[in-house]
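Presented below are the structures under discussion, each in the form of structure tokens.
The two complexes that follow have subunit A in common; it is paired with subunit B in the first and with subunit C in the second.
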Partner chain A sequence: MYTSMHNDSRFGTTPLKDAPLRKDGMEKVRGTARYVADITYPGMLHAVTARTRLPGGTIASITFDDHVPWSEYVVVTARDIPGINAVKMIETDQPVLVETHYRHAGEPVVLIAHPDPQALADALAAVHIDERPYAKPPVFAIEEALRADTRRIAADNVYRDYLMEKGSVMDAEKESCQVFEAEYHTGAQEHLYIEPQGMMARMEGGILTVEGSLQCPYYVHAALMYATGLPEERVRVLQCATGGAFGGKEEYPSHIACHAALVTMKAGGRPVALIYGRGEDMAVTPKRHPSRSRVRLGASRDGRLRFIDIDFVIDGGAYLTLSPVVLSRGVIHAAGPYRCDNVRVRARAVATNHPPFGAFRGFGAPQSIFALEAALDELARMLEMEPDVLRRRNVLAPGDISPAGQRIEGPLDMQRVIGQALEACDYHAKVEAYRQWNAQKGAIRKGIGLATFYHGAGFTGNGELALRSRAGLRVGADGLVEILTSTTEMGQGMQTTLSGIVAEALRIPYEGVAVARPDTRDVPNSGPTVASRTCMVVGAILARAADDLIARLRADAALPSVYGYGEFRDACARLHAAGGVTTIIADYRHPAGNEWDESVFQGSPYASFAWACYVAEVEVDAVTGETRIVDFTAVQEVGRVVHATVAAGQIEGGVVQGIGYALFEDVRFGADGQMANNRITNYIIPTSADIPPIRVLFLESRHGAGPGGAAGIGELPMDGPAPAIINAINAALGTEIRHVPAMPEHILAAMDRRSA
Partner chain B sequence: MTIPCRFIVNGSAVSGSFPPMRRLLDVLRGECGLTATKEGCGEGECGSCAVLLDDTLVNSCLVPIADVNGREVTTLEGLPKDDPLFAAFAATGGTQCGICTPGMIMAARALLNDCLRPDLSQTREALSGNLCRCTGYGGIYAAIRTASGQGE
Partner chain C sequence: MRWYAPRKLHEALALLTERPDLIPIAGGTDIMVGRDPRACGHDYLSLANVAALRGIRETPAGVAIGALATMTEIGRHPIVCRALPALAASARATGAFAIQNRATLGGNIMNASPAADNAPVLLAYGASVSLMSVARLRHVPYENFHSGYKVTVRRPEEILGEIFVPYAPLGARHYFRKVGTRRAQAISKVGLAALLVGRPGAWERVRFGFSSVAATPILACALAATITGTARGLPDDEGLAEALGRDLAARDDIRSTAEYRRRIALNLVREALAPWRHQGGCDAGQ
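Showing the complex of A and B:
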């Protein structure tokens, strides 16, 4: 089965004619969707945050200038926290508001609120936080953090130390093989969702009610209970329309929610808006973890991988936050989709004095995949093999065992994925043509490069078991089926995808399904909206809820065994007449045989993977070092495309973020360890003028664990562009560029090294 | 200090006293209650606050209200309800999270007002001041092609 979604020279994707309209499309194009900044309440306050300036230290005192009429303001410090002063995440090492000790610049200390937003700037300037630095200098680089004599931020400055081991690299090294070895780096990346973060909190009938821009309502709910000490039933979290997230609104919204909650609690329940400006958002919220990988590859002369040995380190920043899950995904993807009997991946997340890094689309995988895929091209060069041949020789096939010890099940065929990608862009002809072109030694050099990779869908390892997600369906007299889930729409098309899955399972029209607003008072906890788990994991739970609903309608409302939509609705009306609104909740079921041993990183880390081959074509100006991507091909085996326009939009959007990661998006840190270029003016993301034609093709072998054989796809497209682009640049110039972003100055320096 | 200002928003007269440097964006979202216009950066870089000022596309976060005196503003809410851009953006993948969408549609409207059937390079040029972090722009190009009767 093969869906072609060619766009060739025309850009954009041709949607399949039968793809139904996005559920949230009309409210978004009409501008009626309500984002948090669009909400107002009578008497509401606006809040701002006073923060630390030093990269770690202690607070000696906080003073307030007396020219400000403070009685008009609500002022909150750590002493106003009724519960525990920690943000509940994987651990609880990060304070909601700093009391004395802190670890990075930009930590929240004081909250100030006033009915007039214009009155905040002066008041903020009148708050003085007397900060004392620590004796030892701050630590910002991975290697510094690992040295024994530098400042300790966490125990040994290592949050987590994982080892994935299969076979024996040591034994493999004794055999004769060609060894390639190099070090690769990836930079931080800012999410730059176009809607900055924000929350609105108020007390409503004794219930703390917080609504805002967020991915994971129950994370926020848990954090609020922890910090306020309020019981479960007195805390309510609702999601507003969310203007992009990409992982950036997974964990930080809990901080803002706690802050807004503390202000409203001190202000007698008055509504409080805490909306970040762009500069503040970019300076203090998490970004993609920077990484360093030392890669050693052993291969036979004919290109069979004998061993893969990787030392992978990510900079976690000043608190643990989500680093363990970013790291574990990075480890599992580090050895790629390749057959190799001897694999060792050691992986550490280290502590530095940067603001914490966090989840960003692909979390951990784009970093480790970049290193491996760039190294494979260099190995190919050493072996005098074509990069595509090297990959074809090693890529996993059904029946093979993955580096994590997982048996690959058919019917997917990665050789076919590679074949499609190379054919779609006329790869072999271009390799030849560009070689000839570059032999002329003109100013413009041309190159083509590829990357092959897979991306696991759902929480890693036993994560889904621990989540024990629940989701459900609700139906009333009119027969409209409402999906109840805490999974959130942030643009990825979750409402559309899940509605399609439920409509299909119930055999009713798509229009007969709607998605209830994520509201912790109304929807069960279906887990966080992360890790490409929505379609595959939540979709599968909902498909089972649909089966249960049909069974109920048959048993209690005489739904015939074969039915049309009219009969379905009639049965719903009868069910309602007999017992009122019906709610069916289903639980997660772990796929049989999917065992995972976290202590050795062996087993089945993911229920399914999406597989891909991406090809980039570039033109590099050898004088200025500027790179233009002239064409991009993304072929992926995703099991099944549930909604063509949504799926294509995920791939195209992810590819463009990957292009930014590879070439433009350069987070610069100031001496205080915070992002210094925290403006859209000086942190450059791709505009419509920067992007090439993107060819998106899907293969659908129905191999996935989701409804109808679907695997998750949201993160996949982030993994491939950076290595494909760097491989294309290195092919064009004969260079050894080993980090992203590859800015023009890096490219020129690499050319100098080559000539030297 | 405030100054009196009179101007037209979406066909209706607005008058009031404003601090002269108050941003058009804030007046639209605040006093006028027109929240389709979004604030993404506040410094003229993202285009999510784009509106038409006397038929010219401007970033309303950069326009002081004093400059609007005697002029005419059109926001997304002021476009004809049957503007083909609405259906096209909803159908072709032109919107995902939606936060850039009102500004994108205003930029697209300004483009189509100047040029009935823009080609790809005209489209790219016209949208280069509007950032979208979700779509990768392909769905937006498709929407403009559809709305200008050039197929998908």
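Showing the complex of A and C:
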């Protein structure tokens, strides 16, 4: 029931050699994988984008300098859009190309294409967009957006205002309890996928064909139909090998795809590559939403939570994009995995003049979990309790009702998760040892901190019902089973995990399963590749498709009830001989009893959660304020580990991203509201030299809704590192740091405040 | 774009005299970062094949380092490691392994970034550089090499030939510390190298070289004067801070704040002086 794996030899061997090789491993290791920038077509054009410079305003005119031979170029503006000038998302408030009014710097206005990529820089400089600012100054901060007298970007500058309420905070306040109150902030975060975004468009036999770096082929497909006015069957979207995404390629690929499509349509169907450079990608594509949380916690003297009262606000940027769903996930996770009868979370997504913020691994949860987990440590300090004791006293157990009103089902045991984490890192001994060490007041201070949390897998609430995902299997004469899904591989190991699930369900070797290329002409819509839903939701659909395939082979091709791989293939050959290639598509089935009322945020928001306790150990240099993470423990209850290496890789990668979020990744905004440090030199993510040994341990109680009891794990590891690290720093220094990233500059200042 | 790659130094010098617009390129680790792939390229003079610019030579007075010597070569060189440990340390703190295999010392100082990691050490050790052209060879003390933000005294027809680093007296304290944005592959927020010989009241040499606290790498002369001018012990923190205030022109930028830089500069100076801080200086009085 318990597996463990880590890069720490004290904990035994890694199961690397036992796990099947990644499906996409060889082509990536050998450099033969084809990314969009690797593709060339004869006569293809290269395109660039001219953008607005002011943080909102109107365009008075666009002029083109004479010295450029414009006849050699293809030039596209909003007037060339055959369909609707809006990017199809939750709403359609964002133009594909700006015509007159716009809301932020960096909005696309003109597209220019030429066969020679080196002819683009001069032409771009020869396009003059005459911009007029709005009367009121731009709005860049959450509090400014909420003030009544500032510039209005959307109605009241609030995209969504949600309330999750359980019991009555007001009543709980009347009874005697200890109250802790503070405000927490999290910064924006850039995905920094290795491969910048890019799309290639062309007309092929009257069909608009777009391929590129993306997470969600059918989102792009829908956006293309909307902007071009072409019918479904005349639009085709394919995924290329994708070099990382983390949510950053959920939505923005639709923009680039529309742009590339407009150019190819104007250029008579010639292939067009629109590939962003790193600087452009970082400046204009969405990032993690910055947030502000006001947290009030009421507790009895012995540390039982009496109320949790949170005011949570995220900066949505200049258009709505995905902010409503980021917000709802943030709300549901804001009160953590704790038992508390009185909970109130008010949550708003506000409009500012930044480029829109968007999906990023964790999707609102890392923000709200950071605030709560950091506040819990401060509450523990106030109550003179150990942080682990406070958590153990309140964490949800089977039979409890979660803050969103969901009943927790066994057999999962969060006490065991916490116990395992504390034991693995020798927590109690270290707490004591570091206390003594720090009493000497040397240059290096040491601290240890933890966070306990859970993360819901799949679309929030009734989202999966609305998606009605489909996925399937295809088998031909040779018995090779091909997975048909629009779920995309972007480095996370989805091909490997899903192949393992199908192989297991069919009782055939892993090598007998392959994954078809995501191509909207060939694969059904399995929903977007987001929200930790691949293994749990799509995996479950595929497991049922596998059952259907076996049933078909039994009925139509005499597959014996007990069979070896040879007999399986023979049966496939018979099936093929009788009826050709067989395709079996299965539909999503909603778990029974999972109702959700979005209007009051009560019910079952997710089919299952993964549960975790993370512990960080830090050393802070009091001379420079630099923090070094010396050890990290990540213990999680994930229901079931489907593929050991892929799962451990997800956790380690997420922890590293979380370390970056906590200590290094500081998106700086210029006066125009765009990211100013939009270069890898200046936007600092951790390198391997900054990463400690990461102990990854899994508990597998089979509680999840996925195949064999698996829950989703993709986003979980993003939630815990930031609060665990900040708690460790505050423990080391006695400071009250309440934001991430906590840079050396802030840490020294916090030490000053403490001494003052 | 044209690419010239002569093998002989005189050919390279002749080419540059004829075409002073050519951009010399050594490891390319600065130049390539700045290139815009959407614009037409420049013409380059690759120095990579010019053997005369390679190598690290030991001389009786110091170590002569060819402009093309890489960070890896410098960081591992036995004489450098033994006699000039601060330079070995700064070479190993430049970028990370892959960059160190290509990045040259000549390129590091010719790029003339105020954040160049090896500049403080060269200032502290009192290095000099040779600049060569068809017409002549001249030697310039490194402390006079940077004439402004990203500007050096090199003339367009000149090639940087060698960096000469004199040995330090026996018993010297060689100090180097880089405070970057992370542990590797980082541009420094503050870099400090110090060469300290003697003791409070009887200093023989006090040289502090800084990066990232002004428009160029700087030799902190006011700081040195304050330390050598203190008859007994060391100046107190206020005295050090006041002197640093005259040397530093720290600014807020994308990587850090002026305040943090000033403060870290002081903390690093204190750390460099640590061996003496508890002997007869202000600390002893506490």
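The working rule: the second predicted complex is superposed on the first by the 748 of 756 C-alpha atoms of A that agree within 3 Å, B and C clash if a C-alpha of one lies under 4 Å from a C-alpha of the other, contacts with A are read in each partner's own complex, and residues count from 1 in each chain.
Please note the rule applied: a residue touches a chain if its C-beta (ideal position, glycine included) is under 8 Å from a C-beta of that chain, and two chains touch if they have at least 3 such contacts.
Being a predicted model, the structure only gives us computed values, none of them experimental.
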- Answer with first, second, both or neither: which of subunit B and subunit C does A:A689 touch in the superposed model? both
- Task: Could you tell me if A:G277 is touching subunit B, subunit C, both of them or neither one (first, second, both, neither)?
- Result: both
- Query: So which one touches more of the residues on subunit A, subunit B or subunit C?
  - Reply: B
- Item | Which of subunit B and subunit C A:D122 touches, first, second, both or neither | second
- Touched partner set for A:Y614, first subunit B, second subunit C, both or neither: neither
- Message: One more residue to check, A:E745. First (subunit B), second (subunit C), both or neither?
- Response: second
- Message: Quick check for you: in the superposed arrangement, does A:V48 touch first (subunit B), second (subunit C), both or neither?
- Response: second
- Task: With the two complexes superposed on chain A, say which partner A:T242 touches: subunit B (first), subunit C (second), both, or neither.
- Result: first
- Query: Where does A:T681 make contact in the superposed view: on subunit B (first), on subunit C (second), on both, or on neither?
  - Reply: both
- Note on the structure: Footprint intersection on subunit A (subunit B / subunit C) at 277, 681, 687, 689
- Hey, which residues of subunit C end up touching subunit A in the complex? 33, 36-41, 96, 179, 181-187, 189, 254-257, 259-260, 263-264, 267-268, 271
- subunit B partner, complex, touching residues on subunit A are 7, 10-15, 21-22, 24-35, 37-38, 191-196, 241-246, 277-278, 490-493, 645-646, 648-649, 652-657, 679-681, 685, 687-689, 691, 694
- Contacts from subunit A onto subunit C in the complex sit at residues 48, 117-118, 120-122, 124, 277, 623-626, 628, 664, 668, 676-677, 681-682, 684, 686-687, 689-690, 744-745, 748
- Per the touch rule, the subunit B residues reaching subunit A in their complex are 29, 35-43, 45-46, 48, 76-77, 85-87, 89-102, 105, 120, 123-125, 127-142, 145, 152
